[in-house]
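Order of writing sets the chain letters: A, B, C, D and E. Residues in each chain are counted from 1.
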């Protein structure tokens, strides 16, 4: 059974119709990259698929697994420390314990920053805190909008590894990135330029 | 004569000392990339060199040319159109005319979006509006903090070309990017990991 | 013997977590707790300055002034209720959470009220002395502000949820919300007036309590709907 | 024969551009012009509701009420003066511009005042009727608000510049600024009181005018310094 | 019944339907308006206390009555738009809000104009007047909220929520203002709303109220039609109607 089924989706923003006729079905273990130039509608589509946008979205979108969405904004409170941010985060599992959080921060190489307010971290460090949620959520379906932004080479490698692992464990990932085919043959590409309306 | 001279600069943020002992002198026609992992202090340094941060900055920084700084935030008003944004932008030359603005927008492939409020553009399109200032300013010294973020492949190519042209015309560019040596042998690298204090 | 099922357990835990999240953000900057009180204090002192210092007249107007200023203070702070959640993307996360948005939002509103309206009603008797409110009216002032501020916060939260996606929504929020605040102001100030002239304030307090119950029941639904709409506009 | 040098030319042009930039952003959403007026209107009506409808008493307090509410309206809107400039990074650009920051900031403040305080004083006579201000005091109300609001805006801009780097600075701003607003409030409301009781308001208006001149001279410097400090904190 | 509502949701059908309604309603309303105005302003006898100044009720009272009803129309449309997601309801709500606001404004201004000769003052804080003022604010809130949203589809939904919240509040506001007023028992001035009105004055008033209802319906409908044409300017039925195809 597929985790996400979209049939004949059309997207409209403001008054302009952006995309139409998009159908896809994401199975467990699949990795999808949305491809297209600036402004084609990647972010709009991924939000629609995640269920965040409803106005201006036509067609059937049926999601049958819990979703984790990480977009441009980090959903972090600047005044709180990374630990507090992760502990109280709506996207994290309610049962997440302090140890798991410490491990997650370790994994994104932020050990030592546990008690610095997130507002005083660098751009890439903030992104790492946001991405630490990947380790703390039990959602099977990940929606990642340009997740590689602001990460250094090591950070990108880490993220690629997380995605690969998640897929092996039976999850599914939809992501956008301006670097073509990050995962080679392993991934499915959805080129949105083919669906631009009119 | 060099456009920017920094001697023995040390940078401190919050209470922590980040970098120390940085000296560089940027001549006309030079291209400098600041390199280093997340959180090493690239953004802090570039802001200090541009003259935007003064607290926590030690050492002599002497800039002898007008500066253009483009950082993470776009300095665009969401309610205004790209044209109005560029016409009234504090970093653009006062004498910039409507035609030049139209040409600049054309050059960043935003022709057709002249009258859409910037808030209704995609992430990459907003970045393009911000970068259009490169064409409208007569500053010789460019400070660009991760300018390639959010741009698609074509956009990156366009930006590389702009930078190369600016250097040929006797300007100088300092930029940060997580992709190593974008301009190959043409550029100078400043690896900040070598200057981390303690 | 009934065992709470895991769903309601997780709802409670999520409610608590959301409460904590907002509470922590409040506590992490104590200025956020103190400043609204200072605002209340200062605006109250503006009245003797603007109206002239006649103590008789001031004391007559004290209930009205105290209540109007409390309402304005609530307007000032509740505009920001969901602002940071919207800007930093937390709202998207709340919408995707498995728990109902209305409940999570309610947790946040209650945490916010504890840090603002509740505190304000605790210290209000101190400020009441400044404008010469008769002593026998102090307990009623406290009670009326306690109930009233909860009501104001809940209504304000609806407005905040509706305007959160709008840049410079601060004044707009007031414009939307002030008419809805009118009954609270009338019941609250009348209760204090009655108490000051040794009348019977209980029925007015009861009316306030009824308003509180009603808004506790209805406001979360409106907030949930409004937050989803705001997200669509963003 | 003196030819204006290109530097002063470009300063004028830059001033005008900055003025335009802010003015355009204001005009592009007319709601930003209308909403503060509505806020003023609504808050004024809160007072009769809180204080009781007795027309005699209201009309006595009218000058005070009008002035206090004008002050609050100014607080509400001037808190946001530099907020968007800070958030979207325009402030960094202003700091790097070849023209002095103080001048550019002044352009922005004046554009802001035209869209808020100036408009408010234009329509204030309409609202004065609601609280029964005697007709002969209307021109003085207008004049005092015209001068006073410029003063309030300039002082408010200093506060806004100081608090712009602080998240949720809205209430903090009020706390910093209200004490500085007190002289303006005193002169302004006294002028109107004098006019209402057929006294001589001119000397009070002259005092207001002196305040305006002083803040026009000094505020821009303070604003420039404060903006640079805020940038360092960001 | 259900199919009628369903049809109302279809833009082309509604456009045709409202076209027919307007065709009939417009002349009828204008006729009633003229008869009522003529009767009220010229034929009806002057009031024994107020002389001719009372004639302003022929505008004041209808505007006040219809503006209150207008709010409920707006809120109903809002509820329909939220529950059944019928786009036409959004459009109806958007069209009704400014009309209601203007009517309320007319009631307030005519009331104030009337107050000057009768009470010697433009304004008093009477219970009914105060409630009317707050109703005006509620309308303005809806209009301001609509204007502030960039995405107009989202704006309609937001206004629907706001007007529903307002509807729950209106009875409470009216009651609370009543109690507040009676508690404070202010000075001399009193609304003479209770005084019986003579039949010769009443009939033209009823006519005028009917005419104002008609006007409200007309303006709202024409507003909606203009909106529909703009919204569907690309679709074939609009182009046919406009004679482009």
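Rule of thumb we're sticking to: a contact is a pair of C-beta atoms (placed from the backbone, for glycine too) under 8 Å apart; a residue touches a chain by one contact, two chains touch by 3 or more.
The structure presented is a predicted model; accordingly, all values stated were derived computationally and were not measured.
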| item | value |
| --- | --- |
| Longest centre-to-centre distance from chain B, chain (CA-based) | E |
| Of D-E and A-E, whichever chain pair has more C-beta contact pairs | D-E |
| Furthest chain, CA centroid comparison against chain A | E |
| Whole-Å separation of chain centres (CA-atom averages), chain A against chain E | 48 |
| Chain C and chain E: spacing of chain centres that average the CA atoms, whole Å | 32 |
| Chain centre separation (chain B, chain D; CA means) in Å | 36 |
| Approximate Å spacing (C-alpha centroids) for the pair chain B, chain C | 45 |
| Contacts with 2+ other chains: residues of chain E | 134, 137, 140, 144, 148, 150-151, 153-154, 157, 180 |
| Sites on chain D at which at least two other chains make contact | 29, 31, 35, 38, 42, 49, 52, 84, 167 |
| Where chain A touches two or more other chains at once, by residue number | 14, 55-56, 72, 78-79 |
| Complex contact set, residues of chain A against chain B | 13-14, 36-39, 41, 43, 72, 116, 120-125, 127-128, 146, 149-156, 178, 180 |
| In the complex with chain D, residue positions of chain E that touch it | 112, 121-126, 130, 133-134, 137, 140, 144, 147-148, 180-181, 184, 186-187, 189 |
| Chain E residues touching chain B - in the complex, by the definition given at the top | 150 |
| Contact set on chain A toward chain C in their complex | 50-56, 66-69, 71-80, 84, 87-91, 94-95, 117 |
| Contact footprint of chain C on chain E as seen in their complex | 82, 134, 137-138, 140-141, 144-145, 148-151, 153-155, 157-158, 161-162, 164-166, 168-169, 172-173, 175-177, 179-180, 183 |
